[in-house]
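Across the two complexes that follow, chain A remains constant while its partner is chain B and subsequently chain C.
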Partner chain A sequence: MAVSYSRVVLLVVLIIFSSRAWTETYDPFLLRAEASIFPKIILLDKNLSIKAPENEVTITIVSTSQDDEAATQLMYLINDKYKNGLGDNKLKVNVTTFDIFKELPLATAYIVLQGSEDAYKKVTSYASSHNRIVFSYSYTDFIKKSLISMLVKEKTYIYLNKSAVQLYDIKFIPVFYEIIKIIE
Partner chain B sequence: MNKKFIVILSLWLLPILVHADDVANPEMAQLLQNDMQEYSRIATQTKQNVDYMPYIISAWSSNELSQLGVNTLREALSLVPGVDLSIGTVGTTVPIFRGSNPFAVGQSKLVIDGVVVNDKMTGGYNQFLDMPVAMIQRIEVVRGPGSLLSYVNGYSGSIHVITKANRDDGLAVDDEVFVELGSSEYKMAGFVTSYKDNEFSIASDLFYKVHDQELPVALDRYGNGGDSQQWLDNYNFGVNARYNDFSVKGRLSDRESGASYGQSFSLSEDESDYFDIENNYIEFGYSHDISKDIIIELSLGYMELYRRLQNKVVPDGATVQTPGGPVVLPNGKYFLAEIDEDTFYERIEFQVSALDSHHINFGVHAYQTEMAKKEGRSSTDVMQSFTSYDILIDTPRNMYSLYVDDLIDLSEQTSVQIGVKYDHYSDVESQASPRIALVHRYDNENIYKFMYTHSYREPSWREQYLAQPSFFSSTLDIQPEQVDAYELGYIRKIDLKSHIKINTYFLSNKEQIHAQNPTHTFQNSGDNNLYGYEIEYKNEIENNDQIYFNYSYVDGENVADQKANSARTMVKSYYIHKLNHAFSVSAIAKFVDEKGRIEVDLRDNVDSYTLFDLSANYQNLSAKIDINLSVKNIFDETYYLPSPENTYPDDFEQEGRSVLLTLRKKF
Partner chain C sequence: MKKTSLSLKLSISYIIVSIVTLYFFYYIFYSMFEQHMLKVEREKAMLIAQTIEPLVAMRYYLGLKDDIKQLASKTAEHDQVVTLSIEINDEIIWGKLDPGDKKNISISYPVTSVLENKKIGVINIAYTKDSLNLSLQKIHNEILYFLAALAFVFVVYVFIVRRLFSPFGQISRKVKNYSPGSVIDFSSIRGGSEVDSIISAFENMVSNIREYTVLLERYKLSVDESSIVVRMDLEGVITYVNEEFCRLSGYSIEESLGVSIFEICHLDDDNDQCCEIMKTAQTGKIWKGNLQNHRKNGGLYYVRVTVVPILDEKDNIIELISIQQDITQVIEQQEQIVRQTMDITTGLYNRVKLEEDIELIEDPKFAIISLDNYSVIKDYYGWASGKKILKEVAEIFLSVTSIENITVYKLAGSDYAILGNHIFDMGLFHGICRTVLEKINNYSIHLDEGTINIGASAGLTSDKGHLLSYAGLALQHAQETSHLTVIYEETENLVQQFENNLIWTKKLNLALNENRIVLFVQPIFNAALLKIEKYECLVRMIDEDGEKVISPFFFLDVAKKSKLYHQLTERVINISFDIFSQVPDVDFSINLTLDDILHVPTVKLLESRLNKTGLASRFVIEIVESEGIENIKEVFDFVIDMKARGCKIAIDDFGSGYSNFAYLMQLNVDYIKIDGSLIKSIDHDANSQIITSTILDFSQQLKISTVAEYVHNQAVLDHVQKLGIDYVQGFHLGEPVPIETLINQVPGYIK
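Showing the complex of A and B:
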């Protein structure tokens, strides 16, 4: 059966462009790195004692209902990594969705997965008004006013969203600013 | 009094509390930096950040390949952009990278868990190409010269296999069993198992497979037709153990197969003919952090390779040419070979990151190889009596290599790699292989790469040391093949899970070695240039669909001003669709363009072909069971790989439709 390569190329191109809307998915390795790194950053907040009453750090992971699998996976990774606690603090991780995240008590920090701009900004607005860190899965969500994200490339980079710093008004210990990259 | 006491106590405690925060948090900051370093290391080691490395790389995970029904390393290589497969003597598979010299066997290197397994006799690694994907964690293929390892010099490419037993991403090795059943009585079973405590870990893998395959042959060079014996009996057993800074890894393998298309490209009617390669190695390692910024690695290894062949190379009643004139052999002629290679190898390497923005690797690598056995026997009376002789001129090959490379981060966006490797041989001209590469991340979506590499391939023993002319002859003072490669790459990251990669290259090949001449003598046969480009596209759609597509084009000359035995254009693609959490279906399409011939070969070009594979995959996450059913070459396309001139006039017909069932269970 001789099939010309141009037909094969055409077939593949048709498959690509007839596909449904593209959305983003989650890199297991990046989730693993974030599960390890994000909680440590929480401890660098100078005012942590106010946000972690009775030495209990609470992290709430917010996602769409479609991404609950990734959110749950991230929760498992954090719980596994910090099963003996986070520093001298107890650690509690919740998973919720954009629709109902306010039903949970105010958390020490939020990790927000992919979501629409409106839904996302409800979380960043709520968290920033209470001076709580919002970590985003992707630094591309800095446009939605998350505060911190990270990327693993040839090195590991932690990014701080310059345009959101004043909004959150969170003070980190000085050494933190030596580690991270400030971007807009 | 109480109030005064409380105020004093508070004033005394306040600085302590504030100070406590300052003390505890810097410790956490240090742990944070350690984490960042660790994830950078894992990302580099496991090629998570492959797009930012100064190479053109394709990386494939076992899970991805398994979902597609891809079950062997050989099959996985057929998906790589710009890689074509051809057939050498005794049916061995020879991957061809970017059309580069299709008649040279060892232009690419196969590295299994950091150990180079190319043999010295031919330069090939066919004995490991049936390794099941179920045993492999990841396959990384570098296209172009150089290698991910400073001490390995690929000529046209290098293939790095990381087995599950040598998992390097910091996660535990899963215990796993796997079984495969398929057409032509194909059966395979194996396992991966591990044990770990704080300081000690050990992991092991094993597979055993048999395959009773025959492929039709219309005519061989003596005018005989029939079936070529492709049966296979293959096992592989590997162990990786680590105790603190010490490690040991070893592998025992034996691949016995039918004589296929024969040692000298004639079809044998004797079904007892066989070709057996037993390849075993063991390597002891030591890795120690001398300081925070300096790591030392030591390794010491031994590899043995036993090659055994029985092949009826001349059929009954055929006429052969001898120095005394033509002779008729009424009982044909058998050829038996026993060739043993013994290799000791050593390496010491320092990895230094003490200088700001520099990551320096330097070391010494050496090996000593001898022809422990090189006996050939021939018989013209159905193996009643034999004439014995040495197949090879006894010339041990010793090599030492000095290498250094420095990856310099000029800025957060731009890094440069500068390296050089100097290899001194006891029997081949010494070679220096410089390399310079630049990676520029214009922004997080656009990455540019430029690479210049000079590399070489040392002649194999059969190209240099055949003791007497038979089907092939060799040239004692043969020179290494050399290449100057110029590569440009561009990566466009469309979003988190989709990208387009485009690269173009120019290869200036010199002193190419092949035996495409009337006397079948391996010799340096001139220079040639190749150029081309490759495009890769990958996207995941709504977590349910994954599409991958690559297109490669190569033009120029690879053999005496011709472009022979390799396709100008190839297209490879796959599509995976998840029906739900348990079921997925997938399809693979591969198009390989027609292939030209060398100038004196007047046959028509080898036809292009398109192959389609379909797979259905069931995954039970809670029970950790995977079942895959795949139909390969679903339209039963008859297709051919090229045969050398004056051997099999109708080329090598390949396998038609086949079915494969795979079961995997993790514990």
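Showing the complex of A and C:
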């Protein structure tokens, strides 16, 4: 309980003392929602067993170097949320930048924060070529061929980029398609 | 009470059946429909739950509880959903737990984990029945409309049916009061061809009934006129009697009605016949039999009764009818016939019945059995004892012959008869007869005077044409030859003997009438002096030509059998006394048998002649030996009487049969005439000599004179003289000569 409390304090401190840049760009509530929902969506992939060797789900968060704090913040949130593992799987979250993301081993899924279109597409093309899910922070990035994104308003919306579905060729369990919004 | 018409019954029953059937189908289909609708509504509720469940599960998985609430809120807005609650992992996400309401359909649908097939919660939906109730109400209304329409159809149907059936009602009203013999007019009734057919059938039926009624009336008249008719209920209580019953019983109709038939006929209810009649009738069967009834005045009458149970259309017995014929006269005639064919003393059938039976039987076996000496016993012991003997002997017969196919009869006197049919061969029948005879012979009859044994003998035959005569001849032969039984067919010349007897009987009768019965006398000599001292009178017959003298050998037995014997004896007495009253100084003897001594007229005649002639001192009575003669009181009294008169008594043919020295003393005889069979061979036969010597010794001791008969030569004469016999008689000394010669031989004797 004490540990949990210190983490909350740390999180508040981080929020208060983080730079104005990322706090103005990234909605902390959306990040928290994404930290909670994106890993679960990974588990809805029918071919997860191939993509998570030895039951270890690896999530690589890709951002620009400027958004490193936001990425780290997201990593912390995910690790905090799934500190006991993701379902029956172990969970490993990496943080990297667009420049070097390929240096890391192929992840189970990628969460891509904001970035240039070119840099962005490198990740999406790399991930889609390996049938890995690419979550984008904002569904506006669907144009950059990310697959899934979220929006938190009066309620939480999960979006699926229809134009990218064939690109990624990822099979989710059917009911998933019933609760998401599909965007052309 | 007015009965409901057939048309109404038909209509009502049709309506009832239809309503019940409709209600049944309504109930079945309504229930099925209700169940089906309920199922559909439940499936609808389930479909809602099924629809939202994966969404709820996925949202819950993704942690989107607000989405779940929003989804639940939207779902709860559904018209038919009354309440909705979602509970996952013991957390009520939406709504509240509904305890359930019977007005609604409550379903619970499990929420399954997205990743694992594991129940994590439940969706509870209370689904309204309003839609269901509305549908059911519609169905109700439809059915009611249908029933209302049906009711109208039924009313129309009833009207039509009643109209169609109205001719039948008219027919029934006309037929209702129909009585056999009356006429029914159906012309006013209009209807279809079927009604016309029925009317035609009714008219035929009425016509037939009229014919049968007339016939029945004639039958009833015939029965009433010829028979006694009594109708009664099942308890035997009379409900109808005809005049014939009243005439015969003496009871009036008023006295008879309401009274038990058994009471009025004086029959005991427990009487076997009454029970049998009622039992038979109550089983629906016809009883037939004869009854003995009592008239009102107590007299008897007999009826042949047929009791017929009368059945209703359901075969229930409603009454009994008794048709009776008066058979009193027939019964009385039968009893008369029985009396005529029955022997009153023994209860056996008599000769009348025997002759009837003989006519009917084929291959008969027949025997006449006669008691020995019955007439003597009856005379001696009296009629009562005689009847007792006959009865007891009859019982012996019945005890031995109480088998089928054999009948015993009582004939005249002491004669009985047994008649067997073809089942018996003569051997078996003969055996039965011998058994009867042996029983009779071994049977002791106890009379007041003492116990006596009787004997019997039988004559048998199987010749149907001559049963009585041949059996009689055989019996006669058995009696004469002292045989127990004689079978006619096994004995030769019986008929010839019988015919011979008839001839000689006729000759004897003629001879008696024509005075051709004469006496011969044979002299009896003093053996020592060879001087005639006596004559034995011997009977002879002169033939019709007056030339030939016939020995008594030919006619004496016939005379005994034909009741001419006593005439013969009387002739001998009269002639002998007539002659010897004219011949002085010489004794004379005549032969008398037991029958003569017991025959009172003969004895009276003898006494008369003795009294009138005074020849008693010269008169010798030769009595022929018979078994037991000394024990008969009449003989004893006769001998005493004759001796008292001065007569002498000789025993004839002594030594021939029953030789009994005791009665020589008892009867106090004067002479013994030694039988010729002993004398004729005495000169050379040692046995004859010994017997004769013994008789002689005994006689000499008793001072009884002896006479030797059959002295036929000098040697015999010498021998008897040598033995010391007092008198001799025989052809060697003097042959029998007509008695009249005695008068001729004595000069001066009056002829």
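By definition in this document, the second predicted complex is superposed on the first by the 160 of 184 C-alpha atoms of A that agree within 3 Å, B and C clash if a C-alpha of one lies under 4 Å from a C-alpha of the other, contacts with A are read in each partner's own complex, and residues count from 1 in each chain.
Convention: a residue touches a chain if its C-beta (ideal position, glycine included) is under 8 Å from a C-beta of that chain, and two chains touch if they have at least 3 such contacts.
Being a predicted model, the structure only gives us computed values, none of them experimental.
Peer 1: Please work out whether A:Leu167 is in contact with chain B alone, chain C alone, both, or neither, and reply first, second, both or neither.
Peer 2: After superposition on chain A, A:Leu167 lies in contact with neither partner.
Peer 1: In the three-chain superposition, say which chain, chain B or chain C, touches more residues of chain A.
Peer 2: In the superposed model, B touches more residues of chain A.
Peer 1: Could you look at A:Val152 and tell me whether it touches chain B, chain C, both or neither (first, second, both, neither)?
Peer 2: After superposing on A, A:Val152 lies in contact with chain B but is clear of chain C.
Peer 1: In the overlaid three-chain picture, which partner chain does A:Tyr139 touch, first (chain B) or second (chain C), both, or neither?
Peer 2: Once the two structures are laid over each other on A, A:Tyr139 reaches chain B alone.
Peer 1: So in the superposed three-chain picture, is A:Lys46 touching just chain B, just chain C, both, or none of them (first/second/both/neither)?
Peer 2: first
Peer 1: I'd like to know which partner A:Asp27 touches here: chain B for first, chain C for second, both or neither.
Peer 2: In the superposed model, A:Asp27 contacts chain B only, not chain C.
Peer 1: Counting contacts the way the document defines them, which residues of chain A are shared by the two interfaces, the one with chain B and the one with chain C?
Peer 2: 36-37, 40-41, 43-44, 87, 155-156, 158, 173, 175-176, 179
Peer 1: Quick one: which bits of chain A touch chain B in the complex? Just the residue numbers, please.
Peer 2: Touching chain B: residues 1-5, 8-9, 11-12, 15-16, 19-27, 29, 32-33, 36-37, 40-41, 43-44, 46, 66, 87-88, 138-140, 151-158, 173, 175-176, 179, 181 of chain A.
Peer 1: Can you tell me which positions in chain C touch chain A when the two form their complex?
Peer 2: Residues 54-55, 57-59, 61-64, 66-67, 70, 114-115 of chain C touch chain A in their complex.
Peer 1: Per the contact definition, I'd like the list of chain B residues that touch chain A in the complex.
Peer 2: Residues 21-22, 24-26, 28-29, 31-33, 35-37, 39-40, 42-44, 46, 48-49, 51-53, 169, 409, 412, 415, 439, 441, 444, 494-498, 537, 539-543, 545, 547, 549, 551, 569, 571, 573, 575, 589, 591, 593, 607-610, 635, 637 of chain B touch chain A in their complex.
Peer 1: Touching residues of chain A toward chain C in the complex: what are they?
Peer 2: So the residues of chain A touching chain C come out as 36-37, 40-41, 43-44, 87, 155-156, 158, 173, 175-176, 178-179.
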